[in-house]
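For reference, the structures are reproduced in the following blocks.
Next come two complexes built around subunit A: one with subunit B, the other with subunit C.
Coming up: the complex of A and B.
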């Protein structure tokens, strides 16, 4: 039963991710990504990671994509331009990258077999799971976690600098 | 599972979802009467006793009215938006405990939809998705006023969600659990023998931020900029008519009830009272009553504020959310953490 729901959620997530890329209307692309993220969260729940699932919905579907929509609606772009591709080599490289990734994935799976199935005994009840996540982030993976924070901070400062420069040019 | 367990499960989940929209009918009447009282006029008092049948009549009217769909709108998203609004409003209630534990056929049945480990986070996840109903309504209508309303709502909801979740972090910290049932359990007993151990007393700052932010999340005055009728006609639902407009209306009122219920659970001990231990069916019914009265009092505050305060200007709204509420909510979090260390519970 859980396996069926998981497969269905995974399939829907992939289909909507594809829709996101293929859709010519940017607002609908964002909406497709929202659906994709939501079903990714469903998959997380079935992998006994309800905390990650909730964060996925709150941060990605609920905040970041809303900001995407905000910008798209502010600019009021109805249709993506269909002008000629200025760099056709990008398409070829992207296709090659996808092919390479698929080959890697398939060979890895063929050599080591599929990852072990869903943990059967992990219980959904009780908070220890969330505590486990916190312990992992703040002890074992503290350095990568802090490095990520600094990276995000740098991006934030960079965004401010760019905006400030534009504003200075206008004034 | 036996048949009885199935029946109990369905009842636990479905009953609140059916009762909530039903409560909205008298709630609309109540709001109009309170508004009239504040404005020193009688209010609806002609249809039925005390005008009680005014709301059912209005809803009947909404169902019978002609449906007008703008020609250039995106039909699928246009009809999806109001449904999404009602879905998000109703499903939030699923994790809020609304009464004590009932014993049916030797089985203990806690009165809440689902006791999941991420409790509060589930509520925030659903509310963060509910913004899409407003944004989609604004965008799919193909109307500049609707679009402005949708844009405003997306910015407003994100800004206040941050302060709201940070304020609620204090409650989660003091209960050291995300489960709403545990949060209620952590608020049992009294201080000095007469002050209830409700979170509202040590975390008055957090409570104020959380409660004010719920006003912004439900688009109620003074935060109703997405539908500001003086500037935007009716904002995101300008193009909606008949029951699709009614769905937004319903969702707003359900959101008011659910926000009040959530605030009661986080800061006022939920269905519990100091010295009150519900036993048997009567006790559980009394706990339901306690929960209903507490929620009704907060709903009254919602209505009272709506008819007392004017609307914020857009820049005031943003400045308040980011420059006042967010730092204060972080301060509250530090205060609660310090309190937990001093009282030696960590």
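Coming up: the complex of A and C.
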């Protein structure tokens, strides 16, 4: 049962990710990615990470992608043009790189699947509880956690500095 | 637990999402869509990390993903601010038309 739900959620996430790449309208791209991330959150719940699923919905789909939408609407971005690419060789090389990478991934998975030395299944009792996540973050990972708060502050200030109009400049 | 979900399924989903993200990052021309594709690749990596974390029954995978999401938030805010600043200068965010540094 879990496997069916996981596979369905993952398949829908993949379909909407493909729609995100294929859509010419950037606003529709963002909305497709929101749906994709929601279904990824379902997959995270099934992988026994309910906390990550929650922040996936709240932070990723709720904050980061809405920020993308704000910027798109602020800049009033239209459809991506269909005009001739000035450097077609770049696109051919990019397509070849994607194809090569996909073949690489497929062969890797076909050869190894679940890597050796790892249990393909873990016991029910081995599932970490959300309290264990909190305990680890506030003990073993306290320093990175505090550094993260400084990083977020730096990002906040950086975004302000980048977007603020220069003093004395005309609006 | 992941007992019902084979790790292979998780890895296949992760690989598919990563390949789609790579295609988007390399083939699209709107800077914001390229950025979205990079976010998608990050999520593909997160899925693989969580899959391994669940298979091993440890909490470390979830911690790593927690930090990745927080850093993605910081990165998105600065990246989008750069796009806004860029748009003010060039009136476009088509990466083919932003070629000031090209010799």
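Miscellaneous remarks
Basically, the second predicted complex is superposed on the first by the 117 of 171 C-alpha atoms of A that agree within 3 Å, B and C clash if a C-alpha of one lies under 4 Å from a C-alpha of the other, contacts with A are read in each partner's own complex, and residues count from 1 in each chain.
The rule is short, and it goes like this: contacts are C-beta pairs under 8 Å (C-beta built on N, C-alpha and C of every residue); 3 or more make two chains touch, one makes a residue touch a chain.
Owing to the predicted nature of the structure, the values given are computational and were not obtained by experimental measurement.
Of the two partner chains placed around the shared chain by superposition, neither subunit B nor subunit C is touched by A:138. In the superposed model, A:158 lies in contact with subunit C only, and not with subunit B. Counting residues of subunit A touched by each partner, subunit B versus subunit C, the larger count belongs to C.
Within the superposed three-chain model, A:63 lies in touch with subunit B and with subunit C [touch as defined at top]. Residue contacts after overlaying the shared chain place A:1 against subunit C, while subunit B stays out of touching range. Contacts of A:73 after superposition on the shared chain: subunit B is touched, whereas subunit C is not.
Touched by subunit B in one complex and by subunit C in the other are residues 51, 55, 63, 67, 74, 124, 126-127 of subunit A. By the touch rule above, subunit B contacts subunit A in their complex via residues 77, 116-118, 121-122, 124-125, 127-129, 131-132, 135-136, 138-139, 147, 150-151, 154-155, 157-158, 161, 165, 176-179. By the touch rule above, subunit C contacts subunit A in their complex via residues 1-13, 15-24, 26-30, 32-33, 35-37, 39-40, 43, 46-47, 50-63, 65-67, 69-78, 80-85, 87, 93-94, 96. The part of subunit A that touches subunit B in the complex is made up of residues 27, 31, 34, 38, 41, 50-51, 53-55, 57-58, 61-63, 66-67, 69-70, 73-74, 76, 124-127, 129-130. Across the interface of their complex, subunit C is touched by residues 1-3, 6-7, 10-11, 13-14, 17-18, 20-21, 26, 29-30, 33, 36-37, 40, 43-44, 46-49, 51-52, 55-56, 59-60, 63-65, 67-68, 71-72, 74-75, 77, 80-81, 85-87, 91, 94-95, 97-98, 101-102, 105-106, 108-109, 113-114, 118-124, 126-128, 132-133, 136-137, 141, 144, 148, 151-152, 154-156, 158-160, 162-163 of subunit A.
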